[in-house]
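In the two complexes below, chain A is the common chain; its partner is chain B in one and chain C in the other.
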Partner chain A sequence: MINFILRRLGISVLLLAIVSVIVFVVLRVLPGDPTITLLGGAQGTDPAQVAQVRHQLGLDRSLPAQYWQWVDGLLHGHLGISYFSQTSVNSLVAQRIGPTLELALVAIVAAVLIAVPLAVLAALRPGGPADRVVAFFTTVTMAVPPFLVAIILVVLFAVRLRLLPSRGYVPFATDPGGNVQMLILPALTLALAAAAPILRFLRASLADVAESGYLLTAEGKGLPWGRALVTHALPNALLPTLTVVGMTIGQLLGGVVVIEYIFGWPGLGSLIVNSVLKRDYAVLQTSVLFAAGAFLLCALAVDVLYGVIDPRLRVRRKVASS
Partner chain B sequence: MTAVPVPVALPVPKRRGLARRLLSTPQASVAAVLLVVVVAAVALAPLIASVPPDAIDPSHAFAPPSLAHWFGTDELGRDLFSRMLYGGRYSLGIAGCATVIAMLLGVAWGFVAGQAGGWLDEVLMRFVDVVMAVPIILFGLILVAAFGASVFTLAIIIGLLLSPATARIARAAVLAELQSDYCLAAVAAGVPRGRLLFGELLPNAGPVLIARASLVAADAVMIEASLSFLGLGIAAPAASWGTLLQQGYANIFSSLSYVAFPGLVIFVAIWVLNTLGDRLQAVLDPRRAR
Partner chain C sequence: MRSSPRLRLHTAVLFATVGLLAGCSANATGTAGSTSATPMTGGKLTYGVAGGGLTTLDPDKVASAALLPVMSLLYNGLTQYGQDNSVQPGLATSWTSSSDLKTWTFKMRQGVQFHNGKKFTAQDAVANIQRVLDPKTGSQQRTTLSVVASVQAVDPATLQINLKTPDALLPAALTTVYLGDIDTIASVNSTANGTGPYKLKQFVPDDHVTLVRNPAYWGPKGKLDEIDITETPDTTSAVNSLRNGDLDVVWNVPPPNLTQLKSDPTLSTLKPSGYSGAVVWELDTTSPPFNDVRARQALAYAVDRSQMLTTGYNGLGVVENSNSILSSAQPEYDKSLPTFDFDLQKAKQLFQEAGVGPNTQLTFWTTAGRNPQWLTMGEILQQDLKKIGINLVIQQKEVTTWLQKFFPAGKKYPGLIVANYISSPYEPSQQLNFFQPGVCECNWNNAQYDQMLTQAVGTADATARTQVYQQMQALENQQVPSIVPFVTSQFTVTTKRVVGAWVQSNGVVHLENAGVTQ
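What follows is the complex of A and B.
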């Protein structure tokens, strides 16, 4: 088990390192010099001034040296300095990570809370009305991109019903009520997008388990079908679903970028979009690496958790690797 | 004694035309009709649009849908229907080119990996893992930040980002075909590698790949719309569906039709391509259909 975790951890670190190289190279080698933007974008900018700014930002050094400077800083906890606001990326990321975590956590919990009861409801009577409604809900939500879901929710709850704000953020500590109000729409958007694949998978998984012998036994000894489903089938069906939840968290991180931007949610996602718009490479490369790291961490956590919960898997892996 | 071959009458399944099998579900028929309508409308935009897409009429800003302006007007009084027709040329053009790039690159990538095996396979597929280890939109943002956004760069960026997933599928298809008897026979007969790959394997893996192309196109429409929505699409005054959606969203308290129509059309495009992709998969490749 330890070996397995270590190997997966090693692969993740390697992947992250390669991603960092790609991100760095793409941003440095290609056109679009941030110094020109920084100095106002005028063509006739004083070359001496440009050179000075380039030197300040370390852009006049060789690429490997710049890369090493960046990675060395990362490893020592210095994430760099924003080209524009002159604040450290550390404080920017620290400010932004809280809102993103809040949004993503609430969304994934909500997604599971939406998906599990609906899947059970659908599985109670396969082919029944509830099953068909749930199947329809899944196909539709899987086809609609998250930003369209966001727009529909805003039109409904902010423009028409005027129940919730269309965008904005206040920290939970300053105004808990306001925070929750503003959280509802972005979290619901992400939750709906994340719920669909979980729901679809869990429904199929429940159908698989429902055919097994032990469920027949449970029914045979007189256990009501609903209870048999929840107490016996659900725990076993949830297990493979865990992988889907993990993959969904990863997709959620991509969705967060767009959703945060739409709702003016000051998280890591909107930081990334804004730094793209401003060509603030120092912020961009680090925040993207952060997001990629979070993504890889989720994948790793799911793999490990899966191995811990299901001992059969560990054995199978051992057999496969020997 | 010579054994007389007994003619065995195998039940030959009635082969209906591909198009008819494809459209045998109502969903697929609706999707196909919508696809034809949307593509034709976008292609014939100059003939259909009664008002130029950039004709400004500030006195009729944010007009609701009417006979004169089917989709209403935008903040400058421009006809939204015309703008959608011309915007579709960017959206579908970029998505179409991106799909071609993703398929060509992805299929070559997967075929080479699957056919070569060994270290080359390992390197190529690990690179797929790297690209797919990060949400597409993140790499998309980085690449747009570096290359800028034009029709040309967006098509290449989106195509590049969608190619690894295609490579994975193409590789799986090659590996599956390599197991088959006809491939073994071809190898035994000394068919050269290149001809085996492109003359035998490609046509046989074709169905999987055609279905895949439709799903890639749906993803491409969505990514283009996402990037445009974030303000990273093609630059003004040109506007794709995603750009129009963004502008409509910015004016959501002034006009609902402005955001509704681009949103609806983007949804329809994605739904159509996904539905046809799934259906193609079911018809052309029943074994691997989901």
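What follows is the complex of A and C.
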């Protein structure tokens, strides 16, 4: 197990190194120039002024030198300095990580709470009315883009009914009630989007398990079908679903750009978009790398959890490695 | 001043979308809310900046028009614009100039202190101006002060500024130079140590700024306990937030959204008392085909200005049909200017004389994701040019890419028509200086025009100065260094509970005296 984790960690580090090169190069290939953006189109700017700013930002150095400066900083815990706010990326990310974590975790928990009961309900009688309604729900929530769902929710709950705020964020520590109120709509939007794939996957793997012999045996011994499904089929069906959940968390941790934008949620996603628009390479390259790291970490966690939850996998691995 | 002041900000454009608007009539009220309601002291106001741009609190690095309202809450200038577009005392209480207009003396306001309690003196003004002038600072305001030769504190209450060339309008130029405490400037994003009516509570770059009242303010104290300034990148959601009251003020609302809000009785639209913003289509006057004045004049005749104002800007602006960048509401505007009434036949003929025949291709270069109104204008032009055989290709580029093509001045961009918006203070010299070399990306270099501008700013008598301004407009109108379809502004919407907010002619919102009624 330890070997497995170490090997996976090694691969993850390698992947991150590759990602860092790709991100670094892609940003510099993009048209646009942070120097120009920084000068803001200020009137009467002359080329000397542009050169001065470029020098101050270190953008006049060779690409390998710039890359090495960035990586060297990363290795020493200095994530860089924003070209625009002159704030360290450490503190920019620190300001943003909390809201993103909160939104991601609440959304994923809500998504699971929506997906699991509905999947069981649908699997109780495949092809029955409940299954069809759930299938319809899944299709709609997968087909409708989240930003549209967000706007519909805002118009309904914030503008018409005036039950919830349309946007904003306060830290939980400052105002727990306000925090929860502001969290509901963005979390619900995300949960609806994230629930659909989990639901579909779980529904399909429940159907698989439902056909296995031990479930028929359980039913034959007099266990009601519903109970058999929940107590025997569900735990087994949940295992593969874990992968979907893990990947979804990984994506959410990178910041959910559109949703954060619409709801004014100050997370990593909006930080990344702002940095793209301004070509704030310093912030952008580190945040993207951070998002990639979060995704890899989640994938790793899922694999490890597999082993913990399912003894069969552990045994098999032992056999294989011996 | 030779070169320009204006934080013009293509501004606005930068992260802002330029929205637009304003409307209608130059004498519309500039103050929010009903006049009968009196604001209470206290309460909180949430101000949304559509498009973003809250990057820094450094008063010398204002890269986006979105920052200007924040600056005037945290800091003061030596001078400031009043609601009537006059230049009024700020941290300077009075000023005089030598008869040659090259030496200016400012008396500092007494008893002013920074937010951290430090006393404000003339030495602080010196430190700020020197920092702006230092090329290493990379200040966007440096060109505003390029006329300054030296600056010194004669005594703690007296500031002297020596100029390279005579300038009667230095006090107006100083309105955009905000003074902060240079001793603590390294930590400006956490301290923002200014002298303004509100002081910093919290700043998360590119997200929000929270300000609280400065109880020691030297002027009328702020009415609000707290002002929360927040980025609202998505305009549709910002508009929804206005309607349900989560936002009280939204700056830079694009015209399409404006129409949608017009019918809502709980909202009002702030209009400046006069416009000093203009839609400008920049042309490279040093590359074909627009290096030929006839091609530029031809294009001016091909612009259906009224249609564009109506369709693109919902009528929120003023069409002069001349090519002056000034508004006809300004006394300096030359009402005798020949006009470019929409006339495709004339356009066709002039294009032909300039060698721009049928099947020529031109490009309309505009922004993607913002300024949908520019695209509309481009589409109208496209259809009209097609009628005279010219093929206009419209290219929308994301703002940084868009800007890089033509900024800074000196770049070549043959065959491009660059959609842009220029906002300036309500001072003709600061509007007209846009066409100076090194300022306008149109690369127009007309010695006579520059000489007249130098003459105008060096003229103390307002009537004599206006005459020069009118000669400049005549020259510009004949030479058409760029196309000015119409004058307009940026548009701000507030809920009715907001009282005392007003909009400057260049579209900047002032919340210094704003309050809420409930």
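In this text, the second predicted complex is superposed on the first by the 292 of 322 C-alpha atoms of A that agree within 3 Å, B and C clash if a C-alpha of one lies under 4 Å from a C-alpha of the other, contacts with A are read in each partner's own complex, and residues count from 1 in each chain.
Keep in mind that, in the parts below, contacts are C-beta pairs under 8 Å (C-beta built on N, C-alpha and C of every residue); 3 or more make two chains touch, one makes a residue touch a chain.
The structure presented is a predicted model; accordingly, all values stated were derived computationally and were not measured.
Enquirer: Based on the superposed arrangement around chain A, label chain B with chain C as either clash or fit.
Expert: Chain B and chain C clash in the superposed model.
Enquirer: Would you check which partner chain A:154 touches, where first means chain B only, second means chain C only, and both and neither mean what they say?
Expert: Both partners.
Enquirer: Could you tell me if A:143 is touching chain B, chain C, both of them or neither one (first, second, both, neither)?
Expert: A:143 sits against chain B, while chain C stays out of touch.
Enquirer: Let me test your reading of the model: by the given contact rule, A:23 touches which partner, first (chain B), second (chain C), both or neither?
Expert: A:23 sits against chain B, while chain C stays out of touch.
Enquirer: Check whether A:50 is in contact with chain B, with chain C, with both or with neither, and answer first, second, both or neither.
Expert: In the superposed model, A:50 contacts chain C only, not chain B.
Enquirer: Check whether A:272 is in contact with chain B, with chain C, with both or with neither, and answer first, second, both or neither.
Expert: A:272 sits against chain B, while chain C stays out of touch.
Enquirer: A:92 in the overlay: touching chain B, chain C, both, or neither? Say first, second, both or neither.
Expert: After superposing on A, A:92 lies in contact with chain C but is clear of chain B.
Enquirer: If you stack the two complexes on chain A, which partner ends up touching A:295: first (chain B), second (chain C), both, or neither?
Expert: A:295: touches chain B, not chain C.
Enquirer: Pick one for A:165: touches chain B only (first), chain C only (second), both, or neither.
Expert: second
Enquirer: For A:84 in the superposed arrangement: first (chain B), second (chain C), both or neither?
Expert: second
Enquirer: Enumerate the residues of chain A that count as touching chain B in its complex and touching chain C in the other.
Expert: 31-32, 151, 154-155, 159, 166, 261-262, 273, 277, 279
Enquirer: With touch defined as at the start, can you tell me which chain A residues reach chain B in the complex?
Expert: 15, 18-19, 22-23, 26-27, 30-32, 143-145, 147-148, 151-152, 154-155, 159, 166, 250-251, 253-254, 257-258, 261-262, 272-273, 276-277, 279, 281, 284, 288, 291-292, 295-296, 299
Enquirer: Which chain B residues qualify as touching chain A in the complex?
Expert: 129-130, 133-138, 141-148, 222, 225-226, 229-232, 245, 249, 252-253, 256, 259-260, 263, 266-267, 270-271, 274
Enquirer: Residues of chain A touching chain C in their complex?
Expert: 31-33, 36-50, 52-53, 56, 82, 84-87, 92, 95, 150-151, 154-155, 158-159, 162, 165-168, 261-264, 266, 270-271, 273-275, 277-279
Enquirer: Along chain C, where are the residues that touch chain A in the complex?
Expert: 3-11, 13-15, 46, 52, 55-56, 58, 62-64, 135-136, 138, 140-143, 146, 189, 204-208, 230-234, 236-238, 240-241, 243-244, 246-247, 397-401, 403-404, 407-410, 434, 436, 438-439
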